[in-house]
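To keep things simple, chains are lettered A, B and C as they appear, and every chain counts its residues starting from 1.
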Amino acid sequence: MSCDNILEIRNVTKRFGGLTANADVTIGVKRGEILGLIGPNGAGKSTLFSMIAGALPATSGSLSFAGIDITAKPGTLRCKLGIARTFQVPRSFDSMTVLENVMVGGFMRTPSSQAARRAAEEMLDFVGLGGRADIPAIELTPPEKRRLEMARALATGPKLILLDEVMAGLTPSEAKAGVELVRKVRDLGVTIIMVEHVMEIVMPLVDRAVVLHLGRVLADGKPAEVVRDDRVISAYLGERHRAT
Amino acid sequence: MTLPALLQVLASGLLMGLLYALIAVGLSLIFGLMDVVNFAHGEFLMTAMYVVFGLWLVTALDPVLLVPVTAAVLFAAGAFVYLAVIRFAMRAKANIGMVQIFATFGLAILIQGLAQFLFSPDYRSIPTSWLGNRTLAIGDVFLPLPQVFGGLISLLAFAGLYLLMNRTDLGKALEATREDQGAVALVGIDRNKVFALGWGLGSALVGLAGAVLAIFYYIHPQVGGPFALIAYVVVALGGFGSVFGALAAGLIVGLVEAFAATLLPPAMKSIAVYLLYLGVVFLRPRGLFGRL
Amino acid sequence: MSNRKKQLLILAAIAVIAGLLPELVTDVYLLNVVVLTLMFAALAQSWNILGGYCGQISLGHALYFGTGAYVTSIMFTTFGVSPWVGVFAGGIFSAALALALGYPCFRLKGHYFSIATIVIAEIGLLLVHNWDAVGGALGITWPIGQDSWWTLQFARDKAPYVYLALGLFIATWLSTYWIEDSRWGFWWRAIKDSPEAAESLGVEVFRSKMAAAALSAFFTAIGGGFYAAFVSYIDPESVMSFRFSLLFALPAVLGGIGTLWGPLVGALILIPFTEITRSYMGGFGNGLDLIIYGALIIVISLVKPEGILSLFRDRAKRGARS
C-alpha cells in the first residue's frame, strides 16, 4: 500500500445472512492504472464492485478513496468525490435524448445547463457518439448504449471509473473499438477498474489483474503472471469445462 | 368496556374484516399476476351487487342461492374486460404504469355511468332473504346472519384459492406467469389466456363479496368507492401480490375499524385505518408481506 | 428561431387569444368554462411537475388544493386579509405541508406511494369535515360585497376571473419552462427514468423529490385559493375530494405527461367536454355523460398512451422528413 493508491480496499467482507460474498478482500488501486477484476462466476466481483460504487454497504472492512474514508458514504457522495460507474445492463434515461442523458452527468460538476451541455457534447464526441446526440436514447443499439453509459459517467468528471462488463457480447470489431476507448479514458488521467469475463480482450488491456475466487483474492499481479498462476488455472479449469 | 361488548366488537370486526379481505384479494391477485392495479375494482363490486339485484328481480330466488351465479357472471365480465381493454393497455410502449391506472379509471367512470343509466341513481335493496334479519347468538354476542354468511363465504373462497394456487395446473400456470412472463411463452403457456383467467378469477372473488354485500347493504352506483379505497389499503397493507397478506390485512383493518368506531365519531373511524396503513408502510415500505 | 424561443411565442399567442375571449364571448356559462379550463390547465401543469417530470404519481393533490382554498378563505372571512395575500399564504403553507409529508412518503415506491397520497388526502378531508372552527361540513361562505380587485369578488363580470386564471396558467407554464432546461429538471427526469442510475451520477434523489413536491403543492394551493375566490363558497367535499385529485392528474396524463404543453392540451379537451356533456345530459341523472366521459378516457389512454400531444409531434416529425 502506498500514497500512490487512489483507492484502498482493506479487509472488506460482505455477508448476506449466512452467505459470504466477499471475504477479507484487500486491494490497492494505483492512480492512473487500468485494473482488471476477474474471476469465475460467483467469485464476488459484482458484489465488490457494488461496494466500491456505494450501492452496497460492506459488512466489515474499510474503503478509502484519495485518502478519504468512504466506507460509510452513500453513492451520491462518492460520485461527488470522483467515483463514477457504468451498469452491466445499461440504464439509459429513456425519456431523454442521448445528449440530455449525458447532461445529467454533466450537472454533477456545474449547475449551469449551458456548461453541462458543452461538457456533454465533448464527452459524446469523445466516445464517438457525437452524431447521435439528438436521438432519443431508447433508439440506440446495445453497443451504442454502452458507450452512452461511459459518456454519461465520464461527464461527471471522475477520478476513478468502474466499468461493469462493458466488453461482454461485443463483436471483434466492436471489442477493438471498446479497447481503444478504454485506453483513451486512461489517457485522460482517469483510473479504471474493469470487471470482466472476456479474458482474451481484457488481459492485453489491463496493467494489473486481480483474480477473485469464492469471494477472496486469489491472485494479484501483472496479467502475464496471473494467467500462469497454478491456483488461477485450477480455479478456472473447472469453469472452462463448463464454459462454451 | 365490558367483556361481552369487547367480544361483540371483536366478532363484528373479524366478520367485516373477512369481507374486506375477500374484496381485496382479487385486486392483489391481478396485481401479483401482471403488475396492474385495477382502479375499477370498486365498480366491479358494485356490478356484482347489481347482478344479484337484477337476478333476484327476475327469478325471485333467494340471493343466497344467487351468489355462485353472480361470481360466474363476474368471472366472465373480468375476462372480457381484460381481453377488450386491459390487454391493449399493456401494449403501451411508454408510461405503462400510468396507462393502466387511467384506463381503469376511465373504466370505473364508464361502469358507474352504465349502472346509473340502467338502474337510475336510486338506492336499491333486497328486502327478502332467508338470512334476512336473523342473528346468530353465541353467549352474549349477537352476529347478524348475513355477515356470518359473508364470513363463511370468504373463508371458503380463501381455502379454495389456496387449493387452486397450490394444487392445480391453472394455479401453477398463474404462479409461473407471475414469476417470469417472458419465459412462460417458451413453455407453451399462452400469456393472454392466463391473464384473462387471472382477471376472471380476481373478478369472481370480488363478485362473491358483492353478492354477499347485496344481501344487507344498499345498492347504488357509487357504493363501490369507499369499499375500493379500503381494498387498496388492505392490499397495500398486506403487500401487493400476497394472497395471505390480503387475508391478514383484511382482518386487521376490520378489527381496527370496529374498535375505532367505539372510540371515535363514526365519520372518523376510517382515519384509524388510514393511519394504520401509513404507520405500517413507513416502517415496512412493501407492506406486511409484500414481495416486490 | 430556437425551439425554446418558439415555445414562448406560442405562449404569447395563447395568452392574447385567451385574454381577448371575454370581449368576444358574452355567454356567462361559456366564460365559466373558459375560467375552469384555464384553471385546470394550471393545476394539471402543477401536478405535472411532480408527477410528469419527477415521476411521483400523487393521487392526493386535492389536499393542497383544499388547503389553499381554506387558508385563503379563512384569512379573508375571519381576518379580512385580501385574497392576494391569502393565496400566497396558502401556497407557502401547502409547500411546507408537502415537505413534511414528503419526508416519510418519498421512502415509498410506486403504488404504495400513490395509495399513501390518496389516504393522506382522505384524512385531510375527514379532519376538515369534523373541525367546526373551519366550518366543518358547512364550509365557509365568502361575504357578498362590492366588486373589487382587492377582494377578488365580481358579481357578474367573469372577465377578471379569466385574466386571473390565465395569469395562473402562465405562471405555472413559465415555471415548468424554466425548470425544464435547468439542473432540477434534468435531475427530476433522471429520477423518473432510473433512480439508481441517477444516484450513480450524483443526483440527490430525495432532495429533488422534495423540491418537486413543494413547488407542485405551492401552485396547486394557489389554484385552490383562486377557486375559493371564484366560487365564493367552499366545503370539504367541494375542494378536497378525491375526484379533484383525479382532475388534476387526468389532463396532464391524457394531454402528454411530462411535457410542457400536455396539461393545456388535456385540459382543453377534457374540461369543456365534461362541462358541456354534464349540462346537456347529466341533468337527467341517466349517467350518459359518465359513460361518454369514461369511454373517452379509456380510448385516449389506450390509443395514445403518451398523450394527445404526441399526435402533433408525430405529424411534425413526418412533416420534417418529407
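Everything below uses one rule, namely that a contact is a pair of C-beta atoms (placed from the backbone, for glycine too) under 8 Å apart; a residue touches a chain by one contact, two chains touch by 3 or more.
All figures in this text were calculated on a predicted structure; none of them were measured in a lab.
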A-C against B-C, pair bridged by the larger set of C-beta contacts: B-C
Chain whose Cα centroid lies nearest the overall Cα centroid: C
From chain B, the most remote chain by mean C-alpha position: A
Whole-Å gap separating chain A and chain B, where each centre is the average of the chain's CA atoms: 48
CA centroid of chain A to CA centroid of chain C, Å: 44
Euclidean distance of C-alpha centroids - chain B vs chain C, Å: 32
Interface hub residues of chain A, defined as touching at least two other chains: 94-95
Residues of chain C whose C-beta touches two or more other chains: none
Set of chain B residues in contact with two or more other chains: 94
List of chain C residues in touch with chain B within their complex: 57, 104, 107-112, 114-116, 118-120, 122-123, 126-127, 129-130, 242, 246, 249-250, 253-254, 257, 285-299, 301-302, 305-306
Interface residues, chain C side, partner chain A - complex: 181-183, 186-187, 189-190, 192-194, 196-205, 258
Touching residues (chain side chain B, partner chain C) in the complex: 31, 37, 85, 88-89, 92-99, 101-103, 105-117, 120-121, 221, 225, 229, 232-233, 236, 240, 265, 267-268, 270-271, 274-275, 277-278, 281-282, 285-287, 290, 292
Residue ranges of chain A touching chain C (in the complex, touch as defined): 53, 55, 74-76, 79-80, 84-85, 87, 91-96, 100, 103-105, 107-108, 111, 113, 116, 152-153, 156
